[in-house]
Each structure stands twice: as structure tokens, then as C-alpha cells.
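Here come two complexes built around subunit A, the first alongside subunit B, the second alongside subunit C.
What follows is the complex of A and B.
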């Protein structure tokens, strides 16, 4: 049995990718499963999707904990999510990036492959540079890296079942099949260099979450169950694909960006506008609204 | 930064999509109303945005209620505050989407307003059922694509005009009703402060763009709000005891098509349909100005 885990974002097409991969294997006579996992998260939030493929009937219906193959659609996610979690030592990992596999420094013993699926997608008119739709291109690379489905059956399935632009999607998959780089043998680190965003703050213990006597400001009864500030638990900075960069020499500290930020993630300090990257989702309203054009939106990947 | 209160009662770390207009709506509303506010929310995007247990991004008490019961819950909270002799200066807010106000929640809302309950009923209008995946609502504008008014080989975009909640509320003889737009936070906050001062039921209709459902760029949320105002698609007016006041009139007017082209949900519209929408918008605006003149100068002249 081969178990695959996709890491993407809401709206990026990882769920469709898991289904297309399963369909391609099904056409080759395999038994398959494809299923996503997400909570209430929105567009841009990290999501995972899974595919199971076997020669015999797949009877396991649980979540995949020890995948053979991990596919990363967006490297910016690797700051927020442990993409190597449970990945088998003899497994494979395919990452969408412009970098060489040897540059990736992922914490795994599995073989690492890379492909610039974003660039390929944009070349074929799939999405934009800021939000490329890379799911079909990455599947071409996965077919090439792992051989778990034949290129032909993958292309046939994309032509028949891709939700839109079937031809362009098939061409992108073909190009990615050719442009795959790797394998590069990964090496597990003794102690990982970086802590994940979600692990950076101390999450308060449950007894701290109980409501306190609200003597401080009002007679109103507090919300009865819990009153834990979302800032402890939900670091939405991981949703970002582009980030605002403030040119402090141009900034006039007018506060327009603060006024219009839907995430309360930009503030005017003495030196000018300062972004709170723990929470900024990269919507770009601040860059749009800035009266002196002091804010530029840059690709998140450059800062990972 | 003048006039926008600095206190933040809506925190970061919430689950709204990037560029969400409904997030602006809550942020400005709480800035206007302050800490002595209690909010009740039915099924809508804001049922999800505050976070899952034990997380919450609001610094005020929050009650989740069923889809159709926002008006009833607001009435209940007010009755409980009265019964417990708790300070009457507390703002009881029912914060519902357009589905929870104009469609599913309309009978409870109508009841609460008719009974004269001292609450602020808010409709943050993203013009479809966005939380469940962009299904049409009574508040979806004419011409819009949604997943239940699809546009493919069959041209089934929404053919009916938007339900006019302000007129429905006016017909309840409501003491105060106003429309506000998240692109204009100053007047937004002013109108909420004014509503908080008035005793009895208040209704506020918030224009809140939804990048996900409107197929627009998240960065354009504020610009779309400005265009909705300048093209008169969403007029800013208030009704105080039956008297209309169009409190903000655009200095430069733009054609409706400049507004429509910012959103993918209108992309399919042929020229003649755009003209029809333009005609309806112009007609509504004229009617509004006449209502303003009539109610201000004739109907209530002696008062």
C-alpha cells in the first residue's frame, strides 16, 4: 500500500490533486481512497489531503499517520506545519520550489525531489504569479519521482477530470514530469534548527482559560465556557503567500494601513508602520491603501 | 488617525479569509460601541471567525444562537439584563449576515423590532450565504453569479433584485435605521455611536465585501467599498423616526459598470444587462432623494 499526504492551502487545489492521483491509479486497476482534512479554516489556511493506493482492497479508513510520500505545494507552509511528520525513512518527498533538492534542508531521511511547479503553472496560464494553481504540475513531478502512476494515465485523467483549463493543466503536468530534480538523500537533523510558528508561544493551560471575575470593567457576565484570546492559539501568519514590506523612509506614519487592516496586524510605531507577521494574512489592503506607496507586497517564499 | 478609537476589542488570530469585509465590520462596530456590549451571532461567517474552543477573538461576551433566532436571542438577553437589574447602558447586539437577517432570521427580527426591544440589530451584508459556500440569498444583487445561480452554458445568474431590508425596517416604524460601508470607518463609527444613544430597536445595514464569494482580489476590499458608494449601488443613508437623510452623497459619480468590473461574480454580464442594472440603481437613488425631500420638508414639517 502506498500512502500519500499533500500539504497545501485552502484554495490551492490540494484536495483536487489527491483525487486526480487516486483516479489515475484507479484507471490502472488499483484500489484507491482520496480524502481531505480541514477544520473551519478559510482560503489561505494550511490544509492536508490524502491518497491511499493498493493492489488489493483498501480496508484502512483512518487518517494517514506514516505516509510513504509527502507532497508540499507551498514551501511557505514549512514554517508553520511539520511537513515531515511520520514520513517513512525510505519514503519520498516532492516539494514545489525553484531551489535544488540539496538546498531544502528538510528534517527527513527520505529522498527529496523538487520542481518549480509555480513557474510551470504560470507559464501555462494557471493562476497568477502570486497565486499559481500548481496541483496538476506537481502531480506530473510526483509521477516522475515515484512511478506510482504512469504519466499517460495521469494525463488522461487530467484531460477528463480537471475542473477547468484541462489542456493547459495536462501540458503543465507533462513539463513538470520532465523538469523534476532529484533524488537527493535527506538527512534527519539531531535537533531541528527552527521552531514551528505554532510552537513559538506558550499555550496557556486549561485552568488559565477559565473566566475570571470581570470586576475590572463591567457588570456583564463573561462568556461562560472560555475566554482565551485567539492570539495565543491561532497564528494566522502561516496563511500568507505574500507579505507587506514597509519602506520606512517613505512611510509618513499616517495610520491608514492600521485603520483598514482586517487582521489588526499593522501598527504605527515611532519609526513608521510595523507589521505583525504572526497574524498578517497577506491580503494586501495596506499596500493598496497607502497614500505614499510605502508598502510593497513580496513573495513569502523569499523570506522563508 | 483622528476619530477612529484606538482600543481594539477584536483581536488578531481570527479565521476570516484574507481581506474580509466582515472582519472590518466587527472591528469598527466594537470600536464604536466599546466594552459594555454583548454580541449574539447566528450561523454565518462570524460563527466561525472568532475561533474554535477555547479560542475567541472578541473582548466582549459572545452568544452563539440558531440561524433563525438572532432577534429572539437579542430580546432574551435584554430581558435577562432587565430582570437582573444590570446597568441598562449595555448595548445588546444581534450580529447576523444577510441570510440570517433578510431570509432565515427575518421573523425573529421583525418580532424583536415590533416589540420595541432595546437592541441593535446588525446585518453585515456580503450578499450571499458565504459561510456555506456562496449560495444566493435574498440580499444577493441582480446579475450576480453564485453557486446556486450558476453561469455556464445556461445563463442562470440571479435575475431578481436585492431585497430592501431598510424599507422593511422602516415599515416597522423603527426609531433608527442606517446603512454604513466598511470603506468609510468614520461615518460607520458615528452611526453606531448614534444608534447606541437611541432607546428602542435599531437596525444597521453594513456593506461588507467578500473577496472569496465576490471573486475579487483581497487587496481591493476597500476600493470596492468606495466604488459601491460612488456608483450609488449602496447608498449611505439613515432613517430616524421616519425621516430619511442621505448623509453622504458622492461628489464624483461613476457608472455602475466600473463597480461591476472589479468582481468576478459579474464578469459574465452582457451590455444590456449592465444597462438594466444601471437603470435600477438610478431609479432607486432618485426614489431615495425624493423620500428624503418628502419626509424632511413635507411629511414631518410641523415637528
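What follows is the complex of A and C.
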């Protein structure tokens, strides 16, 4: 059995990718399963999706903890999520980036591959530069890196089942198949150079909020009671792929953006509208609503 | 032509309702059931399903709508989950006591608080005494198959009871698997239109749900129980017919997996059964004489089959994905009751996976090895909660 894990963000198409991969393998006579991480989906928030492929009937309905293959659709996620978790030593990892595999510094013994799926997607008119839809391009690269599914079956499935722009999606997959870089043999480090965002800050994890010691939870309350203001612990700013930039010369301080912002993350100060980037999730509603077009949504990558 | 689609358990439910030609769907959305009724709404608006789709303001009304429509002789379908099912409670009993063959999908979800949208059987099991047939499904194909079967069983003039198809939240409801969507003509042959002998008909006015005196009430209750008992043979019969028509055995009342001559038997329900079968294969390869039975229908409860299955086994391990507070897991309680005065294997109840806690092959293997060990060490405890946070070392590598 081959178990695959996809890391992306809500809206990038990771779930669709997990399904298209399953369909392609099914067309080749395999039994398959595809499922998202069982949670509450939000645009921009980290999303994990999974595919299982086997020659015999897939009966296992547990989650996937030790994938053979990990696919990363968005490198910015690598700051927030440990994408190597559980990845088998003899496994493979395919990352969407313009960098060489050797530059990626991922903490795994698996083989590392890269492909600039974002660039390929944009070339084929899939999404925008700010929000490219990379799921089909990355699948082309995955087919070439792992041989898990044939390029031909993948293309057939994309042509038939991609939710839109089927031809462009198929072309993107073909190009990514050719442009894959790697393998580069990964090496697990004793002390990884990359520390996760969650480890860098002192934001408590939700489970730590319930009791002092999650291993010895004798002090677990009868029923969970959240502290007032606990929502401040959920820094929704980490979901952002685009950020609002206010042109203070144009802003007329009307306060419309403040009224409509679903996260109360934009305020009118003396100089004009100011964004609280700890909580702004980049939904773009403020930019839509601004009567004088003072807000532009810009790619987050420019600012990190 | 039948075709394979790769669909979620929820879409499988929607395709089931469509193939069964449900004439009225009355529903209210709730996570994780929502995509069942969304898909049906899409079928209806695309003209792919000739159905009166009734939007209501609550689950109580959703079931009331099904009851009214079913009384007129329409084939009805709805779907819900957890708190929605609990809110339907009153109407569930109305449907069964009015002897209406409403068919519904319940997506098994934990009851809050603590708030949870993940798999747990308590919502369904809390309704086991309401007079509904309950089919617990292992995979998405079985969801569709069970809906077709349920209409045929429930609408039989000797049965005339409602039926609930249960699929585990997310583990089936949001997981895509290949599902054979059968040819409509073949389904039509298997499941002819619903045409009850008694129905609400404005040309022939009649009263429904009227009062009976204490001298009579009990006899109606007994009639309901006779129908429930009769449903056992009906399920077996329809299961066979289903297999002959579609080439697939949905599992009858209880599915036996490698149970011939075993010393150790484990009993599971729902989606953990597939994972468990993989583990049983491994343990058998290692030389353990163990098999698995999957309880498919909690109602009617297959006591005879259980007695037969446990005749020559030493130990039975029963996995419950719910708990009846103050007692034990419900499957375990009912199985023990069925055994009383017949067979006396050692029986242990494992409480597993509440609120969607993952059941990995590794944890299941530890459970089954624990059951095997009972043969030598005897029963250590009647009920054990598996993989609690304080106890993870015992259950994980």
C-alpha cells in the first residue's frame, strides 16, 4: 500500500489533488481512498489531505501517520507545520518551489524533489500570481518523481475530472512532469535548522489549555471551559496568503473596512486604516468594501 | 450501465436516495451530514432526480415532513447527524409507531459538549429503542447498498418500519472511495415503486394516529415487535436477492470474517471493521486462531446468530464506539444478554474511538492481542477504555 500526504492551504486545491491522484490510480486498476484531514476547513488555513493506493482492497479506515510520499503545495507552510512528520526514510517528498532540492533543508532521510509548480500554473493561466492553483502541476511532478501513477492516466483523469480549465491543467501537469528536479537524498539532522513557528512563540497549544500536564491530566476539568479572550491565542494571521496594504494618502478614514472585517483586524487610527497582522487572515473583504479603493491585496511572500 | 464513481460516504447516500427514486426528501443541514442533502438538492435542480425537496427549519420538522409524505404513500428520505437526530427523537417514534417505512442516513457523530463533529455511535445507539432498523456500514459502497436494501425491507407489508443507515462521521462521510453506481433499470427491477395498502388519500378520508385505550395499546406495541423480529428473516432474504442482482453481499445481519473454528472472536461495528480485518489477517498469519464478526444491524438484534457464532469460542472481545453511562458499551451489553443461558465464553468490552479518536492498526492489534491473552490470564476487567491520554503507553508503540 502507498500512503500519500498533501500539505496545502484552503483554496489551493490539495483536496482535489488527493482525489485526482486516487482516480488516476483507480483507472490503472488499483483500489483507492482519498480524504481530507477531518476538521473545519477555512480558506488560507493549513489543509492536509491524504490518498491511499493499493493492489488489493483498501479496508484500512484509520488516518495516515507514516506516509510514503509527502507533497508540499506551499513552502510558506513549512514554517507552521512539520511536513516531514512520520515520513518514511525510504519515502519521497515533492515540494512546490523555485529552488533546487538541495537548498530546501528539510529534515528527512527521504528523497527530496522540487518543481516550480506556481510558475507553471501561472504560465497556463491557472489562478493568479498572487494565488496560483498548483494542484495539477504538482501531480505531474509527483507522477514523474514516484511513478506511482503513469503520466498518461493522470492526464486522462485531469482532462475528465479537473473542476475547470481541463486542458490548461493537463498542460501544466505535462510541463511539471518534464521540469521536475531531483532526487536529492535528504538527511535527517540531529538538531534541525528549521524551527517551526509554533515552537518559536510561546502560544500555548489548545491541549495545554485544558490542564497543566496533558500526560498526567488528573486536573482535567469536568467539562472544558475556555478562558475569556482565549480567541487571542488563535493567531489567524498565519492563514494569510495575501495581505491588505492601505494607501494612507487615499484612505478617507470612513471606517467601512472596520465594519466589514470578519476578524476585527483593521482599525481607523489618526493616520488612516491600520491592519493588525496577528489576526488579519487576508480575506480581502476590506479591499472589496473600501469606497475609494485605498486597499490593495498583495502576495504575502513579499513580506515574510 | 453501472459505473464506478469515486465518492464520499455522503455522496454515496445521495446516489442511494436517487437510485431508490425517493419521491420526497425533507431535510435540514448539519455537519457532517450537509453534503448528503446538498448533493440531493443539486440532483433535483439538475433534473436528475424527480423529487419534492422540502426545506424545513429543524430536524424535528424534517422527520415530521417525511412522516406526512410517507403517510400519503410517497417514498421518503432524509439525513441527519448527532444533535439533529436527538432533536428528531419524538418524531422517530411517531414514524415507527405509525408504521411508516421512512429511510434515513444518520452520519454518526459525537454528542457535545465538549463540542465535537467526529465519529461516535452514541447518537444512533441512543435511538435503538425507537423502533427503527439500524444498519451500521463499513464502507461507502455499503452505504449505497444498504439504502436500496432498506427500502425493500422496510416497505415489505409484513415489516412496514423505518430504517436508519449509519455511516461514521468523516471516516466515511468525507472519505472518497470507488462506489459502483448501479444501472437504474436494474435498481428499478430490484426495488419496485412503493405502493402501500393503506394511505392518506383525500378521495377516501380517514384518521391516522388516533387514540387507543389501555386495553389496546400494548397489542399494537407487540405487533411492532413482531415486525422487528420478522425483519431478521426479511433482511437475510433481501440480502440474498441483492447479492444475486448486484453481485455483492452487503453483510446481512452480521458479517462473519474468518470465524470458522476460531478460539477467539472479536466483534466490531462500522468503519473500524475494515481496519480490523487487516489486523486479523496479520494475527492469523502469526498463528493466532482469531476471527471477526461485524455487527451490521443493531436493530433488529441478531441474537440467534451471535449464539451460533460463539458456541465454541473461548473469548469474545467486543469493541464499542460509544458508552452507555452507568453501565458499559451497548453492543457488549446486548451480546452478553444474548449469551445468557446459552454459551459462556469470557467476554471483554473495549471502549474505543469516542469523538473520532483514531483507531490505528497498531492499537487494534494491541486490543486483539489483549483478547487473545484472556484465554490464559482470565478476565482482568469487564470494560476497558482504550488509548486514554493517561494510558497511551499501553496501546501505542
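The criterion applied here is as follows: the second predicted complex is superposed on the first by the 206 of 304 C-alpha atoms of A that agree within 3 Å, B and C clash if a C-alpha of one lies under 4 Å from a C-alpha of the other, contacts with A are read in each partner's own complex, and residues count from 1 in each chain.
The rule is short, and it goes like this: contacts are C-beta pairs under 8 Å (C-beta built on N, C-alpha and C of every residue); 3 or more make two chains touch, one makes a residue touch a chain.
Owing to the predicted nature of the structure, the values given are computational and were not obtained by experimental measurement.
Touch criterion met: A:276 reaches subunit B, while subunit C stays clear of it. Of the two partner chains placed by the overlay, neither subunit B nor subunit C lies in contact with A:292.
By the document's definition of touching, of the two partners only subunit C reaches A:33; subunit B does not. By the document's definition of touching, neither partner reaches A:189: not subunit B, not subunit C. Once the two complexes are overlaid on the shared chain, A:259 sits against subunit B while remaining clear of subunit C.
Legend: residue contacts after superposition of the two complexes on their common chain; A:22 is shown touching subunit C, with no touch to subunit B. Of the two partner chains, subunit C is the only one touched by A:58; subunit B is not. Here subunit B and subunit C are compared by how many residues of subunit A each touches, and B touches more. Of the two partner chains placed by the overlay, neither subunit B nor subunit C lies in contact with A:248. By the touch criterion defined above, A:159 reaches neither subunit B nor subunit C. Put simply, subunit A uses residues 40, 217, 223 to touch subunit B in one complex and subunit C in the other. On subunit C, the positions that touch subunit A within their shared complex are 4, 6, 113-114, 117-118, 139, 168-172, 174-178, 271-272, 274-275, 277-278, 356, 358-361, 389-390. Subunit A contributes residues 19, 22-23, 26, 31-36, 38, 40, 58-63, 65, 214-217, 223-224 to its touches with subunit C in the complex. For subunit B in complex with subunit A, the touching residues are 1, 4, 8, 10-21, 23-24, 27, 35-36, 38, 48, 50-57, 60-63, 86-87, 90, 185, 211-212, 217-223. By the touch criterion given at the top, residues 39-45, 206, 209, 217-223, 225-236, 239, 254-255, 258-260, 262-265, 268, 276, 278-279, 281-285, 287-289, 297 of subunit A touch subunit B in their complex.
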